[in-house]
Each structure stands twice: as structure tokens, then as C-alpha cells.
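Chain lettering (A, B and C) follows the sequence in which the chains are written, and residue indices restart at 1 in each chain.
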């Protein structure tokens, strides 16, 4: 019952916002957004305390993997809504209905993806997340955001279509095998009996398809444009929650492939994509002059790390799960802070910003801290997860992977630091006064930062338990 | 039934080639509508006996793919007042030849895949061919509308493959897929309208401001 | 060589000029005119045969030889076709190449004769004709390959005769595609709309007509008759692919053939009245489309 409510509540709210005439006009119904966000997070929190059995005849269940992504999405959504309160005092989107409707539809779709145990249902939810975010990318209605939206739509749609084909291939692998088709538990139970040829092709197509949504190289080309042109709070939600949902798709098929004993086939592919994403991110981060595009390439890097951990197996699976949480939270944090900068100065480029530490002290400080977090410096949580993945590389007998990873992370740090420190430090333009930073705009990022900091030092018991169980399901083990 | 299904599948390939070779956008959309009708007929011809499932799926497919979406695209063409596709990135003759190559590849790949013997033997090759041709149209055409048409042909190919799995993919899911495609194209149409307003043309090679 | 075969050859020779007549009559009726009588070409031939010939001073023996070579090559090519639906008067393994070669020889002679006059109109027509031919010939060969794969025979008499009737139930789809492709080829090789408009009087828009602009008298009669015979030849190809006649008795097979020819002529007339001539740059596209259809037929056979 709770599972259905988690998915249905935001959807009903979205339909109400888009349908009822009372919501016409430019005002965004923030109250409704806040109520739904709080209700959603409350329901998800109860799932941690009191587990819920499967619903819809086994099609929906809150397993460790899904629960992680669901909680991450819910937290990010709530933080984004609090941020929206302050955001709407400065900027008014052209259509309040579309803004709120898109956000709510996204929350519903992401919930469906997290809780889906039927892989075709997961696909439907994934496509819904793509479509619900598209109007949000296009919020500013100018040429650049139009171009970004078009590229996003076309590339994502093709990727999702390939994922659908992969889903059908997976169904073909299940022909003549007992069990309900495309239901995860049955797939895992009879994994050894699945047709290996179909399973391999299904894995490749699902990886490429969902990888496009994640933003793995070489299917990442839409990311810099989309994250660069969408409003920062939308980019934060996408980088934190949408990519995690897409990773869930990849993780589900990896679960099946590992259970079927095809690990030797799947792991090198995953490692390859992971290293490629790291390399591409490293190359394009150097010389980047727009903070949002920089963060998009950082997102490509982190997606690469996620997939790399998955491919290395062993402790790497746990590292990936931990990294999923850390990355989601820190991306939300950094994008929201960038949003503050854009609200104050009008741009996120190096040309338009200098000496922010004096004009926007809180945001600039958060940005610099965010730089350190996102590049994996201690004491932030990402250091722990990246270290775990490194350990997995060495234990698995591939020290060269660890070396390559460290090298690219170092390059990325240098590239990011060059831009971020250049913006934050130095002398501001003469005549710019410090801007008053609304508490609404700052509380969210601070809370996220605190969470990431805490995860770097201490992982709460229940979280560790859930992550460990997820890691085991992915063919690895907990440290 | 077997021969009728085979005929429909062949006509689907011909409609793919028709879209590849035409210069007029309205003809492409008509070819797409024809493909939608053929796709709607297939579940009825492939099902061992007529069931509510097959009939409603066929009907739903025809309504969405043959009526609503082409109408929507035709309206977008009228709004944007475009008539012809200018020379695509690979040229029409090269497109046709690549299309023939795609068909050959599709048949070759399908003969290597482990298919159950009872399968309609043309279904998988035609689905792969349609997929590849849709991808070809998507990547080589300049007009944004043609890219949407290519995406729809790609989806048609995937849908065709899905018909091999009618037992595994339940009705609700197929509805969900159809709905997703519909909403997707709807949103694309809106974006195309805005592209036309902003850039005064539907030439997507003009969308080059953002780059690294 | 059976009696029916010889009779069919004779009837084809006599009836060939009626085929363009039927096409023109159909087009006229569909566009709301009465049009010329079906037997108009006979009257034209009779008129031309009684006239004298004028030879330009710039021409040589090539110009005089042209019409003769055209007609001779077409006559020999006819011998390879199984007009009675079973076997051809002449045939050997691989004669489809000779068939295509004879058609090419005829075209070559015609083009040379045109260029021999030294006029720029003919030169322009010649280059256009040869360009179109360079797209049409591979299409013809692709159709032949599809037929070879369907029937397992590599002689025209075999490909279009009895083995074709055997192959039809199995390879129906491929053969239909080949038939459509051959029909498009018919339109291209015989200078019909949408490739070339035979009724135009503007030299700059002509392809075939302009090459023969300087011929007169009996030479022109030979060329006009050759054009009609070529149309009939391609019509026979199309009818043979679509209607296998091996199971019919000799007389019935021939009757069906000529009925089919008439039907093809009507189809040509219909196409001419509903379509406009394509821009010259679009003609290769049309022929490549026909080639793709034929190659699809080949792929279906290989499957």
C-alpha cells in the first residue's frame, strides 16, 4: 500500500496541477510541492523502519538497491523544494504549472523506477523521467536552452529506445525458462537457465541505453549542454537523482548477469565504459570556463566511477553503492550553490564572476568546499567511496586500473580547482557589493554538505546494512 | 494468416525505404502513417486466435501511430511551413544504398540469432531493418521534423521486435510504451515549434551554439 | 523451337507498334482527349518508308548504320526470350549477359549515330541517355540475379520459362519486387514519363527524342519500330515475371502474353497521366530505388 502511495501521490498532484484551472497562471504552487515532498520523504522513512512486502503481485518491492535510490531522490527533492522557495523570490518561470507538474511527475517516475521489480515497468518509469524533465530544461525559453533541450530529447530518446530493445532481448532470453517474464526475482532465481547469447546482447543494449541516460561516455554528449542551460536546481536534481535512477537500470541487469554466471563477460565491458568516462571527463574538464558544464563533466566522471566499481566486483560493488549516495548528495549541493551564483551575478562562467568569496561569502565557501567534496578529498564521503573502489581494483588484481583512476582523478581535480578557485578567490569587480543570501537558498546546500561530511567519517548502521545487502545482490561483498 | 503476416512485414520494409527516398516531408509522414496501420494489423495476424488483447493492442497502435502522431506531425509541418527536405547529410542516393545495406545486415544478423523455430521467420529481420533505417533517418537528416520521424521509425522497429514476446510483455506495459512514445513525440513537437519560432527554420544543423 | 514459339515471334514483330499506341491512347483518354488511334504508329511507319532520306553532310557511315544496328540487336535479343512461357528459341547458360549486352549495343549505336551529326542537341541527349543507362544497367542485372536465385537457372529461357512457374509459390515476394523493379526499368529504358516525356517538343527537355532528331525517312521508320519493339521486349519481361505461363497450353500462353502486353501498355499510359516528369537529378534516385527493391528481392531469396 505504501509503495503504491509513494508512486501515486506525486503523480496525482502533478495531474492536478496540470489539469485544474485553479493552478493557472505563473505562480508556482510551492505549498503543494512542499506537502508532497514531506509526505513522500515520510513514507520512504517509514519503509526503513517497517519493511513492506511486495505489491502488485511482485511487480513492486523496496529492495536494498531500490530503497537507496528512492531515499536519495526523496531527500534531493525535498531540498530542491526548499530551495525553490528562495528561488521563486528572484526568478519567475514562464509557466508555474509546467514547472511544478514536471517536478512532481519526475518524483513519481523516479519512485516507479526505484520500486519496480518488473523490468519493463522500470523502463516505462525511466522514459517517464526523461520526458518529465524535458520541459524543465527548457524553462528559460531561449535559443541555447532550446538547442540543449532538443539534443537532450533526441539522444535520450534513442538511448531509451535501445534500452527497450534490450528489455525485449532479455525477455527473449527467458523463453522456455520457468518464471514470470521480466520479473526480477524470477530472473534471478532461474538465472543459470537463461539463454546466454540473448542475455549477453540484452546486457549490452541495456548498458548502452541506460548508460545514455546516466551520461556515460561516449553517450554523454547531451550532458554538458543540458546541465549548462537548465536552471541549476533542475540540473542538480538531474545530476543527483535522474542519473541514480539510470544507474539502477544498469545495476538491475548486472544483478541478473552476475547471477547467471556471465561475470567474466560483463565486468570488462563495465570497466571499459568506466575508464572511458573518466578519461573523457578529464580531457574536457581542462580549460572549462562554465561552472555548470564543468559539473556536467564531473557527473560523467562519477558515473564512470560507479560503473567501474560495479565492474570490479568484490568490495567495488559496495563502493559503487556508497558512491551513489555520496555523489547524489554532493551534486545536489554544488548545483544549488551554483544556482545562487547565477541568481546573484547572472552567469556561471569565469568571465562573469570573480572574487565571489567577498560578494557571496556563504555560497562561495560552499562552492569551494563542494569542489573538494566532488573531487574526492577527505574528509568528505566521496573520498571513502572512491577509496573503496580503488581497493577493489587492487584486490581484483588490476593495479593499473587503480593507477589510471588516480591519474585521471588528479587531472580532474586540477582542472576543476583552476575554475572554481579562480571564480571564488581574487578581487571582485569594483563596485560590486556583498549580496544578501537568503536562508532559503542556503539551508539546503548546507544540509547536504553536512550529510556528505558525515558520510565521510561515519556511516550509520542501517545505511551500511542496506548498502551491504545491495552490494551482495550485485555480485560483490561489503568491506 | 502466415502469408498475410509475411506480406505485411514486406510492406513495412517498403514503407521504410519510401521514407528514406522521399524528398517531400508530407510523403514521409504518409509513409509513417501507412507503417502505423501495418503495425496495427500485425498483432491480429500473429495471434493464434483473436483475443481482446490482440484486438485492443492493434487498435491502440493504429490510433496512436497511424492517426494521432501523423496528424500532429502534419500540423507541425503546416505551422513551420516547410515543404521539402534539403539534401541530407549523406545524400538521397547514398541513403537508399545504406538502407539496402541495413536490410542485408539485418537479415544476416537475424540468421545468426538463436530464434525458436515456431517464430514468424521474417519478423526479427524486418524489425532489425526498420530499427537501423530509423536510426539512419534520425542521424542523417537535417530537418528537426525528419529526426522525429526517424525516431518514430526506430520505435516501430523495436515495437516489431516486441511482438515476438507477446506473452512476456503484458498488456499494461505495452500501453505504457505506447503512451510514452506518444508523450515523447508530443513534447518533441512542441520543441520543434519553438525551434521554428526561434531560428526561423527547422534546419537542425543551425543548432550549433553550444559546444566545447 | 516449337511452332508456337515461331508464331509468337512473328506476332510480336507485327504487333509491337501497337504497344506504344495503346499507351498513348490510354494517356489521352485519361486526360480527357480522344487521342491518336491505337494503330497510329503503323500509319507513321508506312508514311516514312515511302519517303526519301536526307543525310547531313557532317555525318558518316556511323549515322547510316545506327538504325540498322539498333533493330538488328533488338531482333537477336528477342530470340532469347521464352515467348511461349516454356523455352526460348535460342539460349545458353549465361545468355542474360548477352541480352543486356545486345540492348547496350543498340543504345550505343543510337547514341553514336546521334553524336555523329555534330549537333549539340544530340550530344546533350546522348550524355543524358548514357547517364541514365549507367544506373539502369546495374538495376537490370540485380533483377536478373534475383531471378537466377529464385529459379536456379542462368539462362533467360530458363529464368522466365518453366522453372519460374515452379518457383512462384516459394519466391512470390521476391518475384513481385523484381517485377516492380522491371516496370520502373521499362519506363527508364523506353523514355517514358517519369524519366523522359515522349510527347515534349522542347529539345532541351528531351533525352531519347533528341538523339534521333536528324534521322528521316526509312531510317526514322527503323528507329521508331525499334523503339516500339524495345518497349514490347521489356513488356514481355514484366509479364513473364508476373504471370508464369508454363502450365498453360501453347496457344493460351501466347494469348495471355499479348493480353499482358496490352495491360502493361495501359499501365504505362496510366503512369504517364498521373505523374509528371522528374527533374533530371531525381532520375538516378528513382533508378537506385528500383535497384534497392531488386536487391531486397535478392536478400529475401538468400534468407
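One rule holds for everything that comes next: a residue touches a chain if its C-beta (ideal position, glycine included) is under 8 Å from a C-beta of that chain, and two chains touch if they have at least 3 such contacts.
Keep in mind the model is a prediction, meaning the values are calculated, not measured.
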Nearest-to-centre chain - CA centroid comparison: B
Longest centre-to-centre distance from subunit A, chain (CA-based): C
Two chains sharing the most contacts, counting C-beta pairs only: A-B
Where subunit B and subunit C are represented by their mean Cα positions, the distance between them in whole Å: 37
Where subunit A and subunit C are represented by their mean Cα positions, the distance between them in whole Å: 65
Interchain centroid distance [CA atoms averaged], subunit A/subunit B, Å: 31
Subunit B to subunit C touching residues, read off their complex: 6-7, 10, 13-14, 17, 21, 23, 92-93, 96-97, 99-100, 103-104, 107, 111, 121-122, 125
Touching residues (chain side subunit B, partner subunit A) in the complex: 113-114, 116, 131, 135, 138, 144, 147, 151, 154-155, 158, 161-162, 164-165, 167-170, 173, 176-177, 180, 183-184, 187-188, 191, 194-195, 198-199, 204, 207-210, 212
Residues on subunit C engaged by subunit B in the complex (per definition of touch): 173, 282, 284-285, 288-289, 291-293, 295-296, 299-300, 302-303
Residue ranges of subunit A touching subunit B (in the complex, touch as defined): 118, 120-121, 123-124, 127-128, 130-131, 134-135, 138, 141-144, 146-151, 153-154, 157-158, 161, 164-165, 168, 171-172, 174-176, 181-182, 195, 197-198, 224-225, 228-229, 284, 288, 293
